[in-house]
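Naming follows writing order (A, B, C, D, E and F), and every chain is counted from residue 1.
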Amino acid sequence: MDLIALSTFTSPVILFFLLGLLAATLRSELAIPEAMAKGMSLYLMAAIGLKGGVAVAESGIDAGIAFALLAGIVTSLLMPLLAYIALRQFARLDQINAGAVAAHYGSVSVVTFVTANEVLGVMAMPPAGYMVAVLAVMETPAILTGLLLARKGQARAGHDRGELWREVFLNASVVLLLGSFAIGAIAGPKGFAEVKPLFDSGFKGVLCLFLLDMGLIAARRLLDARSLTWRLAVLAIAFPLVNGTIGVIIGTAIGLDPGSAAAFGILCASASYIAVPAAMRLALPQADPGIYLSMSLSLTFPFNILVGISLFAALANSLAGS
Amino acid sequence: MDLIALSTFTSPVILFFLLGLLAATLRSELAIPEAMAKGMSLYLMAAIGLKGGVAVAESGIDAGIAFALLAGIVTSLLMPLLAYIALRQFARLDQINAGAVAAHYGSVSVVTFVTANEVLGVMAMPPAGYMVAVLAVMETPAILTGLLLARKGQARAGHDRGELWREVFLNASVVLLLGSFAIGAIAGPKGFAEVKPLFDSGFKGVLCLFLLDMGLIAARRLLDARSLTWRLAVLAIAFPLVNGTIGVIIGTAIGLDPGSAAAFGILCASASYIAVPAAMRLALPQADPGIYLSMSLSLTFPFNILVGISLFAALANSLAGS
Amino acid sequence: MDLIALSTFTSPVILFFLLGLLAATLRSELAIPEAMAKGMSLYLMAAIGLKGGVAVAESGIDAGIAFALLAGIVTSLLMPLLAYIALRQFARLDQINAGAVAAHYGSVSVVTFVTANEVLGVMAMPPAGYMVAVLAVMETPAILTGLLLARKGQARAGHDRGELWREVFLNASVVLLLGSFAIGAIAGPKGFAEVKPLFDSGFKGVLCLFLLDMGLIAARRLLDARSLTWRLAVLAIAFPLVNGTIGVIIGTAIGLDPGSAAAFGILCASASYIAVPAAMRLALPQADPGIYLSMSLSLTFPFNILVGISLFAALANSLAGS
Amino acid sequence: MIETIIRKRIEILVDSPLVRRVTAEIDAAGISGWSVLPVTSGSGRDGRWHEERVTGVDKSLVLSIASPEKASALAEALAPILTSHGLLLTMWDVEVIRGERF
Amino acid sequence: MIETIIRKRIEILVDSPLVRRVTAEIDAAGISGWSVLPVTSGSGRDGRWHEERVTGVDKSLVLSIASPEKASALAEALAPILTSHGLLLTMWDVEVIRGERF
Amino acid sequence: MIETIIRKRIEILVDSPLVRRVTAEIDAAGISGWSVLPVTSGSGRDGRWHEERVTGVDKSLVLSIASPEKASALAEALAPILTSHGLLLTMWDVEVIRGERF
């Protein structure tokens, strides 16, 4: 564990994230052009999708995949309930904001998964390729639960349905992740070889620059955060700990290998800050982005990158060991 | 042929293009930031230019080059005539729009050529390096023919001449293609070695992402296309078939190797959707982009990528065989 | 020297710069999207910083570093004085503009250093890794001197102090250079290995495209330059010659190896066109960007890239030889 | 002297994910067209944001030229989501040259 | 109370390849300057477009502050290409502070 | 008929490095918010520039909606740096819907 944590903190990937946090805290003007940041996130999703697909093409499909996908959808649907109760009771958040935040914690963070993938690889416990598909299917179900919670007992403003469903089920990241996953599975190792230099060799370097940007954005949000109470801050750390632990246990229970179980834990522990916020602006515009983004992006995301990943990896190992 | 087609459809490059078409058809929000798309197209042109130049530096210059360049310029000048007649007679298009569309089909599509280059390489029939120069010289002559056809018998609004000539002869892609072709020829294999990791190894991966974007744009245009009639749609498929066949025959006739003859066919079959539209906005603003872009970008481009390339490769082979 | 110069002019890096100059002079529309240019400059700074840090992690720290850093700060502080006098006496520039221009020549150009690094590497005299840190510390001191010169004897408008200091000491390039330098030093060769494909292999290729853009911007500025007199043009060439020679001598005097001494000369010869202009807009808005940018970007920068680097390399060698 | 027509210029500052909603209303109002401009950063009751398209909370500026009647029809149509979705709608009179078509 | 001057604010929505044409006319009209803003998407008679700079059919917004006289001189100068090139020119009165130079 | 309020629309064209200065003044004037739009190129007394964010001399457009009182308060506050820093400040009356909060 110590060794792991250590190696984590000397990895350029993590160090660039810390640099971003530091630079923003010092109020430096350093900024990554938005088009570049967006481009890098598309690249990361395409690359992780391809790799996952290729891995599946190599390993072939087994029952494990079905279990993992099912577990992913169910947890994504149910986890918001847990979060919702805590947000209402402990943080005394109103129904709408509680529902919005809950949706974020039921969903997942692509970059957290990508980073975990790298770290777990270094720790010789790489997750199974199909975990990328699990990542994709976990992104949206939580949005439905969150909306139901936020609107229960209210007449829902139905007129923007179409927009919302498109945003939810065809949102860019889901389409790109599943699409490149399929491409990887079809092209297989031979087909992947031709594009490997870009999508494999360049991967970690791009991740460095992307995490630099994430560090900058996360810290800036926190500095400008107005609506963040200490109770919310506490939950932003408690959620990943609890959800992550539950995730690792479920993962191990359904028979995933330690690496995949750890990855599943990370997925449960992570909170969305791309797909869900966009959906919330459409469906719950009254909810305050100052709350859900500060929590998911400025607190939970750094916590998972810096602590969560190593933590759940260790947990998965010990569970597997026992 | 079957084998080829098959291998084509399992290549990530083509699969990403299909993904783009599909995502846009499903009305997904997936989009590549414009600056990134523009950057990738500059990269692709610089890379293809460099590689062509290096190849020429290795192979040395022979008469073939002169023939190919000449053939390119002449076909680019004359092909619009054929297209113009068909557009007027069969599609009953007015003079101005017919001239504008004709210009597009006389000119070429860089990305179609780049993709063909990759596919032909996989098929062990790589085109000669100097075909990049042919690509560059074929881009603009057609614009002149198209303008003459569109304006014949009319007083031409001469006051934006300067602008137009700059746009036509110094347009970004011509300058970048010829420039990096020259750089490749001067630097040679040794000089190229230092930049190979970016311009060679990364190439196919970037092409994947670029074709993803092209697929998105092509399909979206088609969905929003208002002025596209079935007669125009028919021509958008007929033109590449006819022009491409003519091109392969000419290429073989002037003694190009099968790979280069196939590439020449692709160039004739392809239609511009970058240089020419921009020139038309300047010189023929009354022409409707809804017509020429839907045809060249949304129909001809996908047809060439998915069918044309394999087709003309096979044709060039059989002609060479006979 | 001839050989060097020759190899310089057949290197793609330089050839792309020349292509940019040429294209802009011909008034071609060729342009690199701004977000891409910005992204490439961030990439180049991160990469050069990392490499420097890794080199230091390998070589270890010695007294040489301390000397070099000190020399860098002092020269950056003092060189503006020399420039200021010449600008006032010879070019008859008013106090404010003279101070502004002087600040640019005391500071440094990152891209010039990066290019020099590559060229010196090819010449088997790579600068020491810590020269990146020297680069970083030389960027800002000159701004202070320049401001003092421009404002001496005047009540300074103090109200934008905070902004200015942040701009000066936490400006993006300083933070990114020092940050990635530290990351490289911490991660060391082992950590760097994982990101090497992006930050090392891709480096020269990106530098090509970036210099293409620099060539375009430099030439366009020159063509639109209104306030540039022949006396200023003379100084824009004289400054790098004089400052560079002084730099090489100092570098050799404090015992730097030839490569590092040459690099130090380049740093002294180069003029800022990113950090300093931004700072001037804040602190000396009355100064005319048409003057300081035309000089540093359109004349001094090309001179250093095309002539300066080889020149100071040769000088450093001969001094070391003697 | 070239003749001009008075038209309404409507500018709507809106969350980017909502742009489709707004432009759909513009089309529905029978207005001849619209244009979207990017917004890089801003600050309001919800605090500050900067180049955060990555988090889907950035804004866009939708601009449209229309006749006074169509303009107020559009305003009516957008009224229900104006405050709920934090739209910022401003409009004013402008002279349009050759503006018959608007 | 700080004094202001009334000037015309002209905004011209134009195909990006045509920006040079328009700014040349602005310079010719003796107007002190201009600024160009990006436009990311739009819709009109020719249908919809989105981030298609790649196909050279995107638009830019040219904005210029000028005296009423120079403004209408510019309008006159642009008249011939207004409809032919599908320019969209709007102008209105604005208060400019320290605007003597415009 | 939906009711509208008259507000001032202030647009300030400013060097990007100075945006923070300007928005700080806007906040200080107690105005509810602001938005920043990118500017890609321009031309003025200092000559022409194009996509040169890399040299830190590019411009941004700061836009803010405020009550007439706050608007002129802002103008007063910016007066000292207006000419010195080459700011270009224009403002005009606009109708704002549901604009009580501005």
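Here, a residue touches a chain if its C-beta (ideal position, glycine included) is under 8 Å from a C-beta of that chain, and two chains touch if they have at least 3 such contacts.
Predicted model, so just to flag it, every value in this text is computed and none were measured.
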| item | value |
| --- | --- |
| Minimal step count in the chain contact network, chain B to chain F | 2 |
| Chain separated most widely from chain A, comparing mean CA positions | E |
| Longest centre-to-centre distance from chain F, chain (CA-based) | B |
| Distance from chain F to chain E - Cα centre to Cα centre, in angstrom | 18 |
| Whole-Å separation of chain centres (CA-atom averages), chain A against chain D | 34 |
| Of all residues in chain E, the ones touching two or more other chains | 37-38, 40, 92 |
| Residues within chain A bordering two or more other chains | 31, 33-36, 38, 167, 197, 201-202 |
| Which chain pairs touch, all of them | A-B, A-C, A-D, B-C, B-E, C-F, D-E, D-F, E-F |
| Residue ranges of chain D touching chain A (in the complex, touch as defined) | 15, 17-18, 20-21, 40, 46-48, 50-57, 81, 84-86 |
| Chain D contact footprint on chain E (complex, rising order) | 13, 37-45, 59, 61, 72, 75-76, 78-79, 82-83, 88-92 |
| Chain A residues touching chain B - in the complex, by the definition given at the top | 33-36, 38-39, 42-43, 46, 50, 166-167, 170-172, 175-176, 179-180, 182-184, 186-188, 191-192, 194-199, 201-202 |
| Of chain C, residues touching chain B in the complex | 10-13, 15-16, 19, 22-23, 26-36, 197, 201-202, 204-206, 208-209, 212 |
| Chain D-facing residues of chain F, complex | 1-2, 4, 7, 9, 23, 27, 32-38, 60, 65, 92-99, 101 |
